[in-house]
Amino acid sequence: MPEIPGETAESDAIARRLCDIGREFYARGWVFGTSGNFSAKVSGDPLRLAITSSGLDKGALNPGDILEIDSEAQVLRGEGLPSAETSLHLVLVRQAAAGAVLHTHSIWSTLLSDRFAPDGGLAIEGYEMLKGLSRVSTHEHREWVPILENSQDYVALSTELSSVLAKHPDCHGVLLRKHGLYTWGGDLAEARRHVEILEFLFEAEARRQLANQP
Amino acid sequence: MPEIPGETAESDAIARRLCDIGREFYARGWVFGTSGNFSAKVSGDPLRLAITSSGLDKGALNPGDILEIDSEAQVLRGEGLPSAETSLHLVLVRQAAAGAVLHTHSIWSTLLSDRFAPDGGLAIEGYEMLKGLSRVSTHEHREWVPILENSQDYVALSTELSSVLAKHPDCHGVLLRKHGLYTWGGDLAEARRHVEILEFLFEAEARRQLANQP
Amino acid sequence: MPEIPGETAESDAIARRLCDIGREFYARGWVFGTSGNFSAKVSGDPLRLAITSSGLDKGALNPGDILEIDSEAQVLRGEGLPSAETSLHLVLVRQAAAGAVLHTHSIWSTLLSDRFAPDGGLAIEGYEMLKGLSRVSTHEHREWVPILENSQDYVALSTELSSVLAKHPDCHGVLLRKHGLYTWGGDLAEARRHVEILEFLFEAEARRQLANQP
Amino acid sequence: MPEIPGETAESDAIARRLCDIGREFYARGWVFGTSGNFSAKVSGDPLRLAITSSGLDKGALNPGDILEIDSEAQVLRGEGLPSAETSLHLVLVRQAAAGAVLHTHSIWSTLLSDRFAPDGGLAIEGYEMLKGLSRVSTHEHREWVPILENSQDYVALSTELSSVLAKHPDCHGVLLRKHGLYTWGGDLAEARRHVEILEFLFEAEARRQLANQP
């Protein structure tokens, strides 16, 4: 398909940024073993979403590994399969007005997602670091992180994600049980900051609470 | 405003050093998600204090992101807003004779600051590492680290910090509850060493004590 | 002995890849103090297996430190002694159809291997990360990681490994008690991914379970 | 004093190696805040011992920061003060036939040294990693790591160290309570390997045992 030069330059910049995030998150142990996937909007109307191909080592991505898809997950640019979890990205772009979506697998989020799944989510409050989340201006904030049961049925999971977002429109991230974190932001910089903030808070909460479990 | 060349060279050197410290502390996980702020005196009388701008990623600072302010927090050089916590830096420069102030957000300081807030502080004693704090020459030293309740009212917090410093003039650092560490030194090298020493001691104490809490 | 140029090029590429894996695993703390050993098939029939020499610092390997052996552990290329644990590599190549075998010593695998040795192995289930293991397509998978008592008698150990593989033909890794992990794959990329996946799962399980032991 | 060119070349190589070890150990968090000190023999008879100057950041050593002393701790080469703990190095060189001595301050050694000080030492047994210690050829080895009470009186401490070495001539390292590790080897490579091995074992033992303390 024909491409407008301006769009291509934007596409390339976003693809390089997604590769950088992959290397950075891999170094931190958040996307081991080809896990994790990332996306960012190239344009909004009609939607062009840059997204990582399925099954790649996120520590060694090249711009050519980044696809572009439309709102129906049809590939517009690049070769390869979009991640199996593409439908979750599309729900977040649509419903949470996300300009970028980052999905990671860390030890701490994995542990907390299992421990608190029976409660349907995890409350985090009183930390100064909460102010790193968009629209939060005080540590006197109670962040509810919903936890969904994990599933290989991504259609069903998308529906559940959508319903959780409707119920908790102010949340900044969602955990899948024994799976990992989905967070997002208006752009990649904000989504990346949300990963850092939430991972910090997960580590703090896990170290504080898991040592005390019965 | 006109600048004396000598001052400018000094300013530049300090700005670069603050950026280096940002990258180093970011790599250690002490200033995630734009948290943390740093300052260092360029001159003492009248005071010119180099300080990080508000809201920036501390792992990617450039010298242009460093402001200079006077004793009333008026910006003398650079563009941007000084950190919201500038008033705490100014209290430490004035009252603790600090030549440099470093503020970090680590997991261990966050956990300890919450656990020991009801006691008003944390005592650390018997470690050889205590000798890395200025004026401490033996491990048979009891370091009292005061803990303040966190607040978004920085004027009130400055007053409390001032009163805690008056009460504990020999302390080397102060914790804000579920927020982080303020430490300082005669110069940046000493302040940086105090961060390392205190973070080491916090990790040791947290690992020793938190597993045993009731 | 005369070498066919094509084989040499392949040998060199594999040797460099083994050195890279050594540096990477050393940086992660999985092969401290000359521990660990790695192998990969250069050709299958007759078998030529590239394998690390005994007793070297795995963080500082050079291609010249990689030997090639045949199915009887006779050295075909290079100088030095093959690892004392070569017989275990040969069992895995033969019986698990491994194209590459990686052996590491991590803290978490060491701790779990001791704690669960009385049970003969460790079950890991319900994690999305399990899908990073070959032939596993859902988190609803129960991975059994057999644990063998450690021994300095590698002939006896090889026999035991062989019998455990016969009993658990679908396993992806085996632990030696207070010693470390053996995992493998069709090629080096797969074996390396299995190390990452299993180490992630070991850390998660150890952090979840060891704090609760009686 | 006149120097033989050959000795100078050897001195320079050893000084550079000590600086490299400083950077490496600093990156691992073993010598924070100017803690730690290192030495290595340049010649044995008469003794010339290269040793780090007191009070320096071990992550930023230059060859000019390495002194050479004789068996009475008199400085033969370089400017600066030898470490306050020089007398302990000299005891180890003399009595344990050490060619190199490395002293580190890690979290895990600090925690264990306090917990087991009342027992006079810590037994570590059954780990394959023990084979990384010189003269140990099986995991069925019981390593006794003596623990000395910490003191600022280095003369008294030297005497105690000497008496502990006489009592435990086969030990590979000694802990000072809430202070750190002294280990050594025939040369720097062996001493460095002993640090890695012992730190691995300390972390494993601390994680295994400290979570269970009453």
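When the chains are written out, they are named A, B, C and D in that same order, and each has its own residue count from 1.
Assume contacts are C-beta pairs under 8 Å (C-beta built on N, C-alpha and C of every residue); 3 or more make two chains touch, one makes a residue touch a chain.
Every value quoted in this text rests on a predicted model; they were computed, and no experiment measured them.
Touching chain B and chain D together: no chain.
Separation of chain A from chain C in touch steps, taking the shortest path, is 1. At the interface between chain C and chain D, under half of the residue numbers involved are used by both copies, so each side presents largely different positions. Put simply, the chain farthest from chain A by mean CA position is D.
Summary of the copy comparison: rotating chain A onto chain B for the best CA superposition needs 90 degrees, to the nearest 5.
Mean C-alpha position of chain C lies 32 Å from that of chain D. Distance from the chain A centre to the chain D centre is 46 Å, each centre being the mean of its Cα atoms. Across the assembly, chain A contributes 211 as residues in contact with two or more other chains.
Interfaces, counted as pairs of touching chains, are A-B, A-C, B-D, C-D. Per the touch definition, chain B reaches chain A in the complex via residues 29, 32-35, 57, 105, 107, 110-111, 114, 150, 152, 176-180, 206, 210-211, 213. Contact residues of chain B toward chain D in the complex are 126-129, 132, 137-140, 193, 196-197, 199-200, 203-204, 207-208, 211-212.
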